[in-house]
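Same chain, two partners: chain A is paired with chain B first, then with chain C.
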Partner chain A sequence: MTGLVLRRLALIPLVLLVASAVVFCLPRLLGGNVTRSVIRARSLASAPDPAAEARLAAELGLDRPLRDQYLAWLSGAVRGDLGRSFTTRAAVGPEVVEAAGVSATLAVLGLAVALAVAVPTGVLAADRPGGVGDRAVDRVGAMALAVPEFVVGPVLVLLVAVWAGWLPAIGWGSPAQAVLPVVTLAFFPAALAARLVRAETRVALAHPSTTTAVAKGLSRRRVLAVHVLPRSLTAVLAEAGPFLAGTLGGAVVVEVVFGIPGLGSLLADAIGSRDLPTVQAGLVVVIAVALVLTLATEVAGRALNPRLR
Partner chain B sequence: MRVLAPIVVVLALVLSACGGSAPSSDGSVAVALQFPPRAGYAFDADDGALLTKLGVAEPLVALDRQGNPVPGLATAWVQEGASWRFTLREGVTFHDGAPLDANAVVTALSYVLGRPAPPRAITDIGLQVAAEGPTTVRATTTTPDPVLPLRLSSGTTSILSPAAYATGQQPSPVDTATGPLRMTEIRGTEGATLERNDGYWGERAASARVDVRYVTDPQTRELALRSGDVGFTEGLPETSRAGLAADPAVTLHEFPSARTILLQLNQSAPPFADLRVRQALTAALDRNVLANQVLGGSALPAADLFGPAVPYGATQAPPAADVAGAQALLAQAGFGPANPLRVRLWTFPNRPELPVLAQAIASQLQAAGVVTEITVGQYDAQEPEVLAGRYDMFLNSRSYLSDYPDAASTLSSDYTCGGSYAIDQYCSPAFDALVAQLGTVTDPAARAELYRQAAGQLTADAVGVPIVHPRNTAAEQGVTGFVPDPLDLRPVLPVLAPAG
Partner chain C sequence: MRWLIAAALLVIAVIEWPVEATDFANRLDPPSGTHLLGTDQLGRDVLARVLGGVRWTVGLGAGAVAVSVVVGVVVGLATGWLDGTRARVVATLVQSVVDLVVALPALLVGLVTAAVLGPGLVPAVTAIVLMGWAPFARLAHRLTVSVRGEDWVLAARSLGAGPVWILRVHVLPAIAGPVREALTARFVGAMLTLAGLSFLGLGVQPPTPEWGAMLAEGRTYAFVAPWLVAAPAAAVVLVSALAGRGRVR
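Right after this comes the complex of A and B.
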């Protein structure tokens, strides 16, 4: 296991290096006048101004060969300096880290709420086929899987914030402001995880070790808790990485709907304004998080399931 | 169920306690604005105009509701050849307590003039500024500029305290400006906190505190207003207009904007080099239908380049479609059922109404026998092609005022021979002569007359088809005082106050 972790950890910097080169070079090779796009992002100027573009290109270093630009960026990046935003001139590192923190908080809370609902519901559904839990996983789950976040969010806002007046409709920073975005984000993974837990629980219930435990006279609750739940959770954990990645994707929509300053909205704005340093830093952070999550998922899966070792 | 009921009750009470509402008894209001700062409140970006709208920063010259220059930080100005002498208001202090003087003005204007891409309002005129005493500033241009006071009404030329420029970094507007509201906190592109400047030289702000939130999604802004999170918002969804107008708790404002959606026609090549073809397209389009039905009334039909947002803009509706007339003109130009006119129409999705309008335009043109192939692409990729004249038709959205209430720069860049944004590839010595007169005319009435003549000539020469003028919307709930500003150049927030 230790060998596996070390091998994977050694690969991460290499993958990040390749990814950073692609992320750096691709937008610059796609054509279009980056400097002009930056000027347009900063002001609504429509008429081209070649002299201003040349001055700005020199200030931003865009007049240098692509290789030199990349090496300069890489040299800064390894020292923790991810450059300055083309549009705001602010250091992008702290900006990206702060926005990533907001998105991560949103995603982790969303996933936690989703699992808190999905695991007991899925186990109950499997334990009592045709019961309330089972029907809820089928029907409510189907609805939750079909309705996207940009519909769930506004509906929740209408019900809870506009009509009932219980919670704020927008913003981020207070626990009250987090409730609706987190619940919105939890809908889809909760439905998905509940179905997965139900399926895995059914398999676990049919396993000979469970039959043996029942035959020994253990209580139903104890059988479920000790013999069934760990097997079901192993399956969920194996999917935690993709789940979290999907939740982060959903967070982008939720950030827009609730006006939350997360990584999704930061990247969307940066792509629109050709703010390449922010795009590069944001994507590198996303790729790094994905790599670490994949490793963590693999390690956790092997730790929980001896057959995978 | 016995366990669940108390949980639900407690949850409801907790949630009720932590819910918020916009207007509060301490004289504060919360607002949701649609455009966040583009560049961290940089003055060489459009953020200078945003700071003016917030009521935080002020330029030398203010504007009245008609867009005429009136005293701001400068109380008087006089033209002396290629320079203007501005007399500064006495007794003005910045939010940090420093006094406003000529040196502070020179420092501020020199900063924006020295940026790689200075603000549009003061670019390409060779502007130089110098102090001529503690309260006098001389601004000199390469050639006499009749509208320099108007240029210096742009929010991008606002004046901050010298301390803001001493850091070597981008100057921050936090506690360094002069406006009726002082910025005390910046929360990135999420929002900002403003507090009343009790030492303001003019009319004091109506609220003691303004919580500004930037919300880019129109539906979210509407929900924030309806939930009471904010008491004022703008740029509401087109589909919500009727519901908001019918809501007695909400005051909805609709007003024209200084923007035109134009169908631009490439006159450097066939078929639009032929005036008859351009006139045929103009006749084939029913702009009233496009504005009132296709866009659901969220825009006004455009009869002219300039709309009702400016005093010299057209206020009458454009003529209805004349399909028979269009077909006759096309026949004269050699097009008919056996040889239909086939054209490409390009547009871009950054403004969601453009692809919708493109479809409707293609449909109306089809009735006149014109076959249109629509391409919705990225503006960045399309721009070099249309500027080089490698296109047929381009549906574009254009603000005809940029930063300050004068359209000369738009007419010059868009419609004179060799203009830097001459997408229509229009070139008329008579039109150029007309625009050249704007370089020497100072009187607003005389300039307005020149604008009317210029727009009239563009219409007569069928230089593209002005389609619609989009309308702006704003709404208040529990807040009063909003004054619509079609020019979108005057302060908005200082006049907002909690209702009652």
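Right after this comes the complex of A and C.
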């Protein structure tokens, strides 16, 4: 197990190197006119004159050979300097780190809420077939799976913030501002997890070990919590990679909807204005996080399920 | 029923709706007799724009899935059929690429594509196809492997039929059922990814009446004109609910 973890850890920098080369070089090769987009983002001028474009290209280093540009960026990156934004000229590194912190908070809260709702619901739904929980997983779950974040978010804003006026519609920082984004983000993972947990709990309930626990005279609650629950979480954990990735994708939309200064909205803005340094830094961070998380979920899955070892 | 819905959507998509027609005197008008779903900030009829959006949101989603299914099934048939050591190595390689692509979140790929090619319709559709072929390739591969040894395939072989003929005439019809089943779920996924990218401003750009882009535009006016949010949101939910249950991300 340690060997596997070390091998996979060693692979991460390699994958990151390839990924960084791709996200650095491809936009410069295929991305059309970067300087024009940057000028447009800075000054709203729709047709800048060629001299200004050439000056900007020189200023941003876009006139140098691609290989030199990449090596310069890479040597900076390994020393922790991710360059300066094309549009604002601010240092990209601190900006990305700060945004990533916000996104991480949002994603962790979203996942925590999703699991807090989904795990008990899934277990109880399997324990009482046809009961309230079971039907809720079927009906609400099906709806939650069909409705994307970019619909849930604006509709929640409309209902809760605009009409009822209970919570602020946008912003980030106070607990009240966190409620709507976290609920929006939790919607899809909660529905997915509830289904996975329910399916696995059904299997676990039929397992001989459950019969033994019941025959020992344990209370129903104890049987469910101690004997059934651990067996019901392997699928959720095994799916945790795509799950977290999905949360990541959902988080981009949620951040844009609620005006949250996270990595997702930073990336969406930077891509829109062709601010390549910010895009590169943001994507490399996202990919690194995804790689580490995938490894972590695999380790957790093995720790929880002895048969995988 | 499904065909009826598809036919209705096709008719709506083909019709030229007056999506750009502005009624400047009646901007941000609530739903009324003249404008059933109200008007937007430029006085454009929201109903016309929602109907006009079928061509973009539903049409592009369906188009992207159509390309994905053709590419995916061809790849899956080929890797499932290939025999011999060297061919097996190629097939295994292709299938590990498939596994990798299936594991990537669609919106992240959309972000990367938009980062590489710049925001727009073409990059967004490219991203969906880049993602979309893999699940079909995986499915077709598994199904092909499972029917490859059947007696009727061996019979066709012993009659001297070539691989392309066998795959087209004997294998493809046998695997078509499950592929067709997967089609609607994947269509919903493709449509939602496209609308999501457009919502983020990275896909189809305004003033094109794509539902995700309309939602993003309408959000600015949510306080004074909630129908600008409600109408495209309802359209997206309606179509994904009609097309199939749930999405696969």
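Here is the rule we go by: the second predicted complex is superposed on the first by the 307 of 309 C-alpha atoms of A that agree within 3 Å, B and C clash if a C-alpha of one lies under 4 Å from a C-alpha of the other, contacts with A are read in each partner's own complex, and residues count from 1 in each chain.
One rule holds in what follows: a residue touches a chain if its C-beta (ideal position, glycine included) is under 8 Å from a C-beta of that chain, and two chains touch if they have at least 3 such contacts.
All values reported here derive from a predicted model rather than from experimental measurement.
Superposition of the two complexes onto chain A shows a clash between chain B and chain C. Of the two partner chains, neither chain B nor chain C is touched by A:P120.
Touch criterion not met for A:G76: it reaches neither chain B nor chain C.
When the two structures are aligned on the shared chain, A:L267 is found in touch with chain C, with no touch to chain B. In the superposed model, A:G259 makes contact with chain B only, not with chain C.
Set against each other, chain B and chain C differ in how many residues of chain A they touch, and the higher count belongs to B. When the two structures are aligned on the shared chain, A:R42 is found in touch with chain B, with no touch to chain C. Within the superposed three-chain model, A:P168 lies in touch with chain B and out of touch with chain C [touch as defined at top].
After overlaying the two complexes on the shared chain, residue contacts for A:L56 are found with chain B alone; chain C is out of touch. The clashing stretch of chain B relative to chain C, chosen from 19-27, 127-135 or 235-243, is 235-243 in the chain A superposition.
When the two complexes are laid over each other on chain A, chain A has residues 31-32, 37, 154, 157-158, 162, 169, 256-257, 274 in contact with both chain B and chain C.
Interface residues of chain A facing chain B in the complex, by the touch rule stated above, are 31-33, 36-37, 39, 41-49, 52-53, 55-56, 58-59, 85, 87-90, 95, 98, 154, 157-158, 160-162, 165-172, 174-176, 179, 256-259, 261, 265, 269, 273-274. Partner chain A is touched in their complex by these residues of chain B: 12, 15-16, 18-21, 32, 38-40, 42, 44-46, 116-120, 123-124, 156, 169-170, 187-190, 213-217, 219-220, 223-224, 226-230, 378, 380-381, 384, 387, 398-399, 402, 409, 413-414, 419-421. Against chain A, the residues of chain C that register as touching in their complex are 103-108, 111-112, 114-119, 188, 192, 195-196, 199-202, 212, 215-216, 218-219, 222-223, 226, 229-230, 233, 236-237, 240-241, 245-247, 249. Of all residues in chain A, those touching chain C in their complex are 23, 26-27, 30-32, 37, 142, 145-151, 154-155, 157-158, 162-163, 169, 188, 241-242, 245-246, 248-250, 252-253, 256-257, 267-268, 271-272, 274, 279, 283, 286, 290.
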